[in-house]
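Next up: some structures, all given as structure tokens.
In the two complexes below, chain A is the common chain; its partner is chain B in one and chain C in the other.
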Partner chain A sequence: MTWRGSSLLVAGLLLAGTLTACGGGAQSASTAFDANNCQGGTLDVLNQDDAASHLDPARLYTSGGGNIPSLLFRTLTTRTRKAGADGAKVAPDLATDTGEPNADATVWTYHLRDGLKFEDGTAITAQDVKYGIERGFAAELPGGAPYLHDWLVGAQNYPGPYKDPNGIAAIETPDAKTIVFHLNSPHGDFPYLATATQFAPVPKAQDKGADYEKHPISSGPYKIESYDKGKSMVLVRNTNWSRAVDPNRLACPDRIEATYGLDPAVINQRLTTGTGKDGDAVTTDTDLGPSELAQLDNNPDLAKRVAKGGFPYTYYIAFDNTKAPFNDIRVRQALSYAIDRTSVVNAAGGSSLAYPATTFLPDNKNMGYQAFDFFPAGKNGDPAKAKQLLAEAGFSNGITITLAHRSADFNQDGPKVATAVQDAFQKAGITVKLQSIDSDSYTTTVSNPATQPQASVEGWGADWPSGGPFIIPIFDGRQYLAGGGNFNTAHFNDPKVNADIDAINKITDPDQAAQRWGQVDSEIMKQAPLVPLFHTTQLRLYGKNVKNAFVSDWTGVYDLSQVSVK
Partner chain B sequence: MTAPSEARPGFRVFAGRFRTDRAAVFGAVVAGLLVLLAVFAPVLTAIEGQDIASFHSDLVDSARGGVPLGPLGGISGQHWLGVEPQTGRDLFARIAQGAQISLLVAVCATVVQVFLGVTVGLAAGLGSKLVDTVLTRLADIALAFPVIIFSLALLTIVPDAFPRPLLLALVIGVLGWGGTARISRAQTLSLRTRDFVAAARLSGAGGFRIARREILPGLAAPVITYAALLLPTNVITEAALSFVGVGVRPPTSSWGQMLSTATTWFRSDVMYVLIPAVMVFLTVLSFTLVGEGVRVALDPRTTRLTRKAG
Partner chain C sequence: MLGYAVRRVSGAVAVLLIMSAVVYVLFFLMPANPAQLVCGIKACTPDRLALISHSLGLDEPLYLQYWHFLVGLFAGRDYSTGPSIVHCAAPCLGYSFQYTEPVLQIIGERLPVSGSLVIGAAILWLSLGIGIGVLSALRRGRWLDHVVNAIVLGGLAVPIFITGLMALMIVCVWLQWMPFPTWVPFDEDPVLWAQNLVLPWIVLALTTMPVYVRMSRAGMLETLAEDHIRTARAYGLPERQVIGRHALRGALSPLITLAALDIAGILTSSVLTETVFGLPGLGQMTVQAVRNVDLPVVVGLVLLIGFVIVVCNTIADLLYAAVDKRVSVQ
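Right after this comes the complex of A and B.
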């Protein structure tokens, strides 16, 4: 009698949940954090998913080197481990500085620090870094960011070191400590790109191809003791690493134990209660749920254990601007006026986890954010104005569109947000038919112009905190990829914007570039190529014994290389 | 004179007995109200002045994740059962639609189960030894099937275009006929040796006619009794399947689906869990009480007991 068992189970779980609802917990962390005296203890990581679908530096697609990957893989540069806007800057990691460009930012030179070693004690050389980058080109190891293919001279078709052991000529290693990159066009953002895990050294002698991810050789403060993919991972100290050769990572805990595959409600419940080992726990992938949000006001103990940050991310409605009815700017404007950003933000988890977007760039200084709202829809949309614009465009009886969304809500592009859009558009005479696309194939479907739905809910995050990787893939007309892997779903192509992008790429001063990206954002959004919905905020709990859990503007979450449980 | 065990009480006798069973009457009243709620869901929602789909972002606390404003999940004159967290959609409208889905699926599934079960049972009971063996083994297999797991598999592979409530009814129905088949076969076997069946056969009646005119009426009592208990089982199965996310698709609402969403809300908005849970509970309880009442009222042995007592 399966049905009887399962219904009893459901009832029992609900009851148990209600009974344990009154969890709280006393504070026990007493002494202040001291970086010089923070070593010791075991940090627990409670996650929904394995932090890496593939724990291979060639296959990771992380922003700034990632959180857990950055404990194992040092890169030429890395994100600055500081709170707030300072944390959105690039810091030298394996290299002695963030890179020496030539006059037009097409040649970048790096020198490695002294005394760098892998976990087995062998020295890290420039050749190891070069080999690591070349692995990222191998078809056997897909998954990394595409920038290097486009940027390095003559590397577009490089098949990787397994098929072509001669390597990439555009990367020179004149000696064991120097590495030089030759780019085919100016890229002031190169130091940001060098934070990616593809810039981590890989010892050629220990490369096992696709199996390398079972035990990647560490260059960071920890090494893998055991790893059960998708379930758990245990990291212990790498004795060949020291703070003397790494000014960025504090590496306080002696041991880090990660558990994957947990339910988000369970993670938050365990962090809230903090019984036993859970007092020393953190999460790298779970934001607060409604239960915790509701408690924040009247539970100061809980409230002070919440790290708040903003990983630059924008959710929006995309549609092909070259196809009817979206080829009429009045229709696109009507959609922008019709949107009810309050209900959309609520669908995304409420105002604590998202804020309304009227720009494409998120509110982040390093991205070049400038505030504007060209089609003021107010808090709840302006259906009257939208109807008027539709009528002017010849659609006085309204229009019907199909809106695709991810089948699940684990990102914020699922049925909840789509239904909220549907409801708001209805009031403006825009009938929305929802099309649910399976989560696994969602990105592939919407990023291929051949299968692209009429309209879709999409999201875009920063590969690094600069306007470039945010704006170029979405709005550069030359980045429209008819064969798939296309993120310019609007099919946007404005020669002036393209020229601006080329001009800004030559700028090596991030502040100057940021200001220009803000102007480009405004230039683009005037044309209403998409409907920005909201930007996200991260609210992450940490255990009651965890210290130094600060948040940078780059990652929006606390940094495992900085936290302490002592 | 016929023995009491062979007495076939007419409807009046049945109703008289049913009425004396207080639990059954309570069940019947509640079940009746639920059926009314389901049938008149659109009308009642219109009287309330709400609809299923409209968002009310002003009725939820955005900063706290979208918890309904006001006590008890935002229950008010405008929103009789409060509003859904995050969206502010009217809960009464969604609960009423949930009642439609729940009862519709359960009733249709029961009809499918009874139809299949009785057909197979009759065929097994009246057929040759080979037919009987094959069909009985089939029924055993059907009984041994883990219904939830198999439904999960079936519901996942069928494309979304297929109407979901109908699919649910079919899947639950097609997988759950084993019990009815067994009961029908047993009853058929005991009836086919009776004199009136032999008489019918001697007077030249064919197999089909015997099944329909002589055996089927004799099956009514046990099958109705069993079906009355199958119905609440099917309510639970539908709720469980919707709970795990293979039931009806949003924006259609169902109780199981609400309970599943509510797992993240139970601490901040208790009513959102309680309301669909109470609805499932009341439905199952009332239909089970009715079913039990029907069983008792139709059971010949009860007759003897009541007669002795009287």
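Right after this comes the complex of A and C.
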């Protein structure tokens, strides 16, 4: 039996099982969710992997998007815990506001709230926040986002507090409640960055370096009762936290028990069936599997319990615009016309998991999404138009290109999508030779201009829901890094776009900035520097007793700080 | 006997050292870079990568890294966690920067899980496998023999993740006899420990058993046809004694080696059983370690697997001699 055959069989078995199981007892009528009366119960988390490869605020990458870390680590700012577009905004967390900028957004000042305490009852100070940030610079604690290295004045080579206890001069703490950041250039997005776990306070006296992750000191609504890395974790209430000092997190369950190392099919099956404690269960790393997707249309009870959202993400075909044949805009346009987005979306898992992309920005209001389609390829591509453009460019016999893809399909940049692209391009006279690159070294190979393939299937996700981190690394000509770690694989460099980026970085009003990012997106995409393929959607199941599992446009998944099992 | 033991042990040590060296070399040939992995995809500039490689000791040449590993094995090693130094006492198999713990300790935490899994399953598959095999040999050609043959073929053909998921489906979803199993340590609650392990034991036993049924059936038939059995019967020994004392011994000896290898294999690498039943054992850890390019853990696990196989084989050899008097340890 082939692997595919056996997984289909498994899916079939599970499907049959669920239908039988759901034919049984009627669901009890649940009472409506009430934030003021939601406390109690134990929430179970069923996961394939540990919620964090390193549960250390210095080492977590995702900006507060991590579901469990956000229950332990409060940061200067955080995301508003709301559904949809409202949930993609910044809210004050430890700080009293989202930050006071100076006139050109190079100096940001924050004041801490009153009454903030760590789990052991000691007060949280601005110095603790500063120390937490400095830890992120230590080579012993790698993994955090690079922005602070690049943005803080003179911090590029700071080796971390273990080697240089004097700290970073660009972060001032004039008193226990005030912290001031000096940036080397304007960054209107700084309040978004301040949601990252690097902005969580760490008490210096309790820092154990790499061992800190075994029991990080909580500033959030829960603290660790036990943690067995890769196996399980139990969180209990942090009695030194209250809603009075934290307007964002509801923290309904009294206790959270996480189990790691489970099979994805088993996780989805347990959430679907919901026997016993599994009715109070959620997952933070497993999306719907094939057997649940197949029954969504016929099983309204199950469909009701699926949280649908989208972490802002775009998949695209990248190629170096300065190299032939892509240095001719007609060739780039031809590629855009030739693409069959229906087949590509199907290859990515179908319309419930992906939607076609004609813009670079995903359909996310806060990122400045504006709808446009400069090279309308329709549902299935326009090979005639593509051929015509190629002929105009002098390639009336078509062209041959090499398209690299990841060797495995676990991301959506694997062989399935690459093959769909190959088929569509064939109709337009573009012969595609596929090049499979080992999954583990794919990003390193593609992001190094010395080893970059002629064309490649790539994906980009936002570190926070603003146009900045989405557009700058990919299209800012000054971010082309010839030595590696380069994400401007298009080698795009337009002085007007660069100037626009600098201007928008000075804007501190998110709505105004979003408006401008949308315009920049359209300005860039007119030049067809890459072929956008699709944006992704996530579908995630939760247990039948779980309430208030809504999805924000920031994380694309439900938020454990808001759910209730009472 | 002493000479045999010395030869055996030194041979085993040599094999283990060669295995560890091979794993080191293999890791250097792999495309993935552990420093790149911890550095992050977006976050990593070449400068930062160099710093991290240095802090993980990955910037040293291969032979030096391996030398440090060998020294640590016999003398222990020190590792920096930033503000403090952690000492990993000999025999130090290395220190995992992924788990921030010495490898031996991590393996020690997972071993009871895999051990619990294999003990119960082995008892089941050995007793059932041999019992059914012998019975079916004695009833050769009758309906019981045919039924057993069919079931055995089925058991051989279905992979464990299907049997496992089916068992979960039937027991936990349809019949709802018990909740989905989780791991409960024996010293915490022996009853819950056993309750949660019953399903994985049965499933593992069912998929491992068929070979034992077939081999004990074939071995039994072969021995029953031999001269000494005929002689024993001719002397008028009761049939129970003929089978129990004379036939069974000859039929079982090949199974001992097989069981030793199976037990060693399941103890260290039953990945699918462990993930399907949510058991945080060594198999699961192997997969995670390989995915994270966690070289110290992988080397430690390879050494453990080698060690367990060597030990099991030695036990098998000794048992072989005990069961079959014609073989003596020399």
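Descriptive notes on the structure:
To be clear about the criterion, the second predicted complex is superposed on the first by the 535 of 566 C-alpha atoms of A that agree within 3 Å, B and C clash if a C-alpha of one lies under 4 Å from a C-alpha of the other, contacts with A are read in each partner's own complex, and residues count from 1 in each chain.
The rule we apply is simple: a contact is a pair of C-beta atoms (placed from the backbone, for glycine too) under 8 Å apart; a residue touches a chain by one contact, two chains touch by 3 or more.
Predicted model, so just to flag it, every value in this text is computed and none were measured.
Contact with chain C, but none with chain B, is seen for A:G276 once the two complexes are overlaid on the shared chain. Residue contacts after overlaying the shared chain place A:T259 against chain C, while chain B stays out of touching range.
More residues of chain A are touched by C (comparison of chain B with chain C). In the superposition on chain A, contact of A:T109 is made with neither chain B nor chain C. With both structures placed on the common chain, the touch criterion links A:Q519 to neither chain B nor chain C. With both structures placed on the common chain, the touch criterion links A:E140 to chain C but leaves chain B unconnected. In the superposed model, A:P290 makes contact with chain B only, not with chain C.
In the superposition on chain A, contact of A:G484 is made with chain C only, not with chain B. By the touch criterion stated above, A:G350 is placed in contact with chain B alone, chain C being left untouched.
6, 10, 13-14, 17-18, 21, 265 are the residues of chain A that lie in the contact sets of both chain B and chain C, per the superposition on chain A. Contacts from chain B toward chain A in the complex involve residues 53-55, 57, 60-67, 85-88, 146-149, 160, 233, 236-237, 239-240, 243, 249-251, 259, 263-270, 273, 277. Those residues of chain A that touch chain C in the complex are listed here as 1, 6, 9-10, 13-14, 17-18, 20-21, 49, 53, 61, 138-146, 149, 159-160, 162, 207-211, 213-214, 228-232, 259-263, 265-266, 269-270, 273, 275-278, 438, 440-441, 443-444, 463, 473, 481, 483-485, 487. Remark: chain A residues 2-4, 6-7, 10-11, 13-14, 17-18, 21, 264-265, 288-291, 293-297, 340, 342-343, 345-347, 349-353, 380, 415-416, 419-420, 423-424, 426, 436 touch chain B in the complex. Contact residues on chain C toward chain A in their complex (touch as defined above): 30-33, 35-36, 38-46, 48, 51-52, 54-55, 80-84, 86, 97-100, 109, 159, 161-162, 165-166, 168-169, 172-174, 176, 179-180, 182-183, 274-276, 278-280, 284-285, 288, 292-293.
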